[in-house]
Amino acid sequence: MPTLTHYLVLSALLFALGLFAVVTRRNSVAILMGIELMLNAANVNLAAFNRFAAPGELQGQIFALIVITLAACEAAVGLALVLAAYRSLETIYVDEINVMKW
Amino acid sequence: MTGEALAFYVLAALTLASGLVVVTSPNIVHSAVALVPSFLGVTGLYVLLNAEFLAGIQILIYAGAITVLILFVIMLTEGGTGMRARQRNEQGPIGAAVAAAMAVLLITVATHTAWPRGAGTLPAYTTAAIGRSFLGANILVFEGTSIVLLVSLIGAIIIARKEE
Amino acid sequence: MISHVAWLIPLAPLAAFILVILWGERLPGRGAVVSIAGIVLAGAAALKVLAEVIGGARADVTYTWAVVGSRPLVVGFVVDPLSAIMLAMVGVVATLITVYSVGYMTGDPRFPRFFAYLSLFQFSMLFLILADNFLFIYMGWELVGLCSYLLIGFWFERPAAARAALKAFITTRVGDFSMMIGILLLFLGVGSLRFDEIFRAIDLGGFGGPALTLAAVLVFGGAVGKSAQVPLHVWLPDAMEGPTPVSALIHAATMVAAGVYLVARVYPLFLFSPGHTALTVVAYIGGITALFAATMGVVENDIKRVLAYSTVSQLGYMMMGLGVLGYTAGMFHLITHAFFKALLFLGAGSVIHIVATNNMKQMGGLAKAMPVTFWTFLAATLALTGIPPFAGFFSKDAILLAAYAHDKALWLLGAAGAFLTAFYMGRLCWYTFAGEYRGGDPGAAGHGAAGSGHGAGLHESPAVMTIPLAILAVFAVFLGWAGADILGNPFERFIHFERVAPPPGNTGLLVGSILIAVAGWLAAGAVYVWRIVPSEELRRRFHGLYTLVVHKYYVDDFYGWLFLGIGGLVIRLAGAFDRYVVDGLVNLAGWLARQLGLGLRYAQTGREETYLLLVFLGVLIIVLVRVAW
Amino acid sequence: MPWYLELLRAVAGTILIFSGVAVIAAMFGVLLERKISAWIQSRLGPKHVGPQGLLQTLADTLKLLQKENIVPRRADPVIFASAVIVVPLAALLDYVVIPFGTTRAGPLIFRDLNIGVLYFAATSALVVVGILMAGWGSNNKYALLGGLRSAAQMVSYEIPMGLALITVALLAGSLSTVTIVNAQAGLWNIVSQPVAFLIFLVAATAEVNRTPFDLVEAESELVAGYFSEYTGMRFALFQLGEYGEMFAMAAMAVTLFLGGWRGPILPPVLWFVIKLYALIFVFMWVRWTFPRFRIDQLLGFSWKVLIPVALLNLVVTAFFVVVAHR
């Protein structure tokens, strides 16, 4: 039987993968993907804690649902930003988007 | 090894392997497509965790909507042109080190903490319970989230529209 | 029974305001119809409320708005004889003036906006009247002040109008500030802003002594500003730069009366101030204003400004009436004055509308050309000057009666004022309506009439303007009987203050005041018609006095010197302090931050990956440090 | 056995059984389509292979199976190949929650999931991933355009469809398809929810990319769109996916609005099949009757008409449900 620790370890690994994408990718869409992975890792944690630590309540699942909703918001706004940046700067590589830098 | 354990390991392997492809693939489209099995693996984990509503939403939003959106944007911005561009910046090694250290840290915490074990069982039909909770105890959270959703909807439209 | 929902009445003009300000041009009649509908609705409801209140209905709706510290802030609306009669008066006068404005404002490019402002004013005024607490009355107070500002400066292209609006706003603000301090003082002492509770506290001795006197005088300061009493009277004559209906509605009938209404509303505050100190202040300010303003009215040539000084003077009478324990008399004069002064202004507006000038010396002979205007105007003038049996006679006489019973010096002030009132009103009438037309071609006023000779283009104003005049005239002629002792003085039975006994009747005084009024008329006639003592001669004889009065006793100049000279010095000092010391500190902070930033900017790569990497690196370091410790 | 393993078994079972059934259904569907279109256009349609041309599709399928699989140069081989699996797989997954009838042992369904309707919406949304993969992987501008159109279209039409699904779920008080069918014992939802039914039908037409919403594969503009580069068996698999999806949509419409297997006299399964083919006929009828929309009209129609109407319908329904509960 997988225990809570199993899920936590899995989520830690998934989180680290997402983090790796976020800090090393140049492509802004890839960074967004990394963020999605990290959010997923957090959601797995929430659902797992819900199941193992407090099965009487649904707070973990509700939290995860809200995270998913906000992830959808973040994806929509983030991708809109990418599109806008691509239109005006003709690149989606974050290290080339530096017009606000001194 | 029970069926549940087998299912867990299969799903975990699916999630992590696809996640690895997402993170490492030099081809951004491959990365995006690999998100789908990763999300589906997480969906399976939700099923194992008795969160069937969450699982449904996970497929609908992540696999169905977000991935499509990501692919859509990739195709609108890169198409076939940016394929040869360098995908990784110069902080690859240190990034990998930090990510690995984070993983080690989190795993250490996960394995060395005495997590509380809750009594009780999840309701048999969590969808109804979630719905009741959203319109009951969590109404404020629900409304707040819907406002954020509306605002980001409008914001995304305004940001992405072409200026006349 | 609509008394219990009387607080809904102000909402009708408010709705009209919102509709007209947003969609004015597209509404029927460019918004005028909506605006009139709003005030007609409110006016009809107000009359119904008055009828119910006469039948004995009372209401006080309260609501706990917020809790300040541990004190609940209870607000509400009160319906009693005082507010009911004011509601009815404002409703009727405002309705007539709004209808009149349709004629007066025709062709103005900002026609809808004018009606929107009128509606907003009506809302604010009705709201103020219904308030049962200082908070609401203060809110209404400020709102009517705002409307007054907007409407005086309605033709803001004219520098004089813009300046007058600013002057009105700032001058009344001085009074408002005093009133606010007074209100805060009361709240501090009593812990409530509701009139009921304040009066109860005063009654039970919970609040009294010099503090009460101070609070009452400070609150009265607000009334001084709003009702243009000395020394804050300077704004009202200038306010005549606004459109004439505005002058009639706001600066004659309703808003300026709010000061009087306020004093009446919180009468116990004044009555229970030790030794009647506060009441004496009210009485003397009123008495002085009554005479003082009347003298300035005598030498003024602008028809509207004469009426403005007359308004100031009459407001002084009301204040004096309240101050000499003539509660009923003061309020009665407020009501009658509202009707006949609105009528006077509307009549003047009608005249100005036709001859396109404010200068009386360029008018004359208008009685024939504008019969309706003339007869209604004459009725109002007789009412104002206190000729029986017109409305003003009863109310003014009641005030003089009370003054005589209370303090002879005040009676003298009032009587002198009454004489001057008759004099300058007679002068106004003769200048305007009698004799020959002295103006230029009235066709230039833009009415398209090709007048070729003296007064050839003169004609009566349209019916939409004359009908309100006629209706108001009915009130000006007959309303006084409501306070006639012969009929048992129904007004007094309706509005009176329990602890103040009405002064005994005095037939000698009655005859005396009639004689004074007639004397005023005769004197005016002697100077301006029969020219027994021509005005030029008078002017020469009393040259020093004339110069003083014509320059409005140099009050404006004194204020100019006070605020621009002395105040300017203070302001320059403060400005220097602000520029060099305060700004210097701020600039120093900015300079420091800038230098720091110039140094630190080398740490910024402008790339989120670096930042995020550092964030997580930081997390790891913190954890490691914590574990290693 | 825990229920989640049952679910996995159900999914596996559905895929196994329906890959067989769906092939036949799709083949029959193609034949039906050709016959009906011929009938509408006053032609005869396939006539030569087998009696009345009944074996025409079988022959076509055999022909397709023999053909060479061509992969365009510079196409992305992995994505190009895997898209073929995703589309029919996603279509097949839909069938898990569709109750085909009822027997003495209970309803004839692979798994009566308590999130059935949500599951249906989720899996049918997966198809678009496959379409995008195919469109991009082909390295062909028509295919890519088809894929992009598909993404925009599906994302837009999923919302009204979801709202229609929610309305029905609201009436039954459950997301389970069997419960929804049982709730229609007295009155079919098409009577109480005609607006939702129409919205579902329109959205379903768009979701399965059929005329008048077939911009994704518009032959005259995009030369079959996302699968223009596919040949042989792969082409057949896409056709399978398309028809499978269409049957799934029709089956869901039957379940949600036409009372599922319910009906007098005839056995439940037969009733279900009759209703299913009636709806399939409607789909084909519409396809051969209406002209194609333009892409902006298509998206505008969803956002400006369908979604507001569906939302209004949902609110009104919710209001009546609350009133009824009082």
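Read from first to last, the chains carry the letters A, B, C and D; within each, the first residue is number 1.
Assume contacts are C-beta pairs under 8 Å (C-beta built on N, C-alpha and C of every residue); 3 or more make two chains touch, one makes a residue touch a chain.
All figures in this text were calculated on a predicted structure; none of them were measured in a lab.
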Other chains in touch with both subunit A and subunit B: C
Farthest chain (mean CA position) relative to subunit C: D
Whole-Å gap between the CA centroids of subunit B and subunit D: 27
Distance between the centres, which are taken as Cα means, of subunit D and subunit A, whole angstrom: 31
Distance between chain centroids, defined by C-alpha means - subunit A, subunit C (Å): 64
Separation of subunit B from subunit C, taking each centre as the mean of its C-alpha atoms, in whole Å: 67
Residues within subunit A bordering two or more other chains: 19, 23-25, 95
Residues of subunit D engaged with two or more neighbouring chains: none
Of all residues in subunit C, the ones touching two or more other chains: 607, 609, 613, 616
Chains that touch, pairwise: A-B, A-C, B-C, B-D
Contacting residues of subunit B [partner subunit C, same complex]: 89, 91, 94-95, 98-99, 101-102, 105
Parts of subunit B lying in touch with subunit D, wherever the complex brings them together: 3-4, 7, 27, 29-30, 33, 36, 47-48, 50, 52-53, 55-57, 59-60, 63-65, 67-69, 71-72, 75-76, 79-80, 125, 127
Footprint of subunit C on subunit A - complex, ascending: 19, 22-25, 31, 94-95, 98, 100-102
In the complex with subunit A, residue positions of subunit B that touch it: 2, 4-5, 8, 12, 15-16, 19-20, 22-23, 28, 31-32, 35, 38-39, 42, 45-46, 48-51, 53-54, 57-58, 61-62, 65-66, 69-70, 72-74, 76-78, 82, 85-89, 91-92, 95-96, 98-100, 102-103, 106-107, 110-111, 115-123, 126, 129-130, 133-134, 138, 141, 145, 148-149, 152-153, 155-157, 159-160, 162
Partner subunit B, residues of subunit D touching it in the complex: 1-2, 4-5, 7-8, 76, 78-79, 82, 113-115, 118-119, 121-123, 125-126, 128-129, 132-133, 135-136, 139, 144, 147-148, 151-152, 154-155, 158, 162, 175
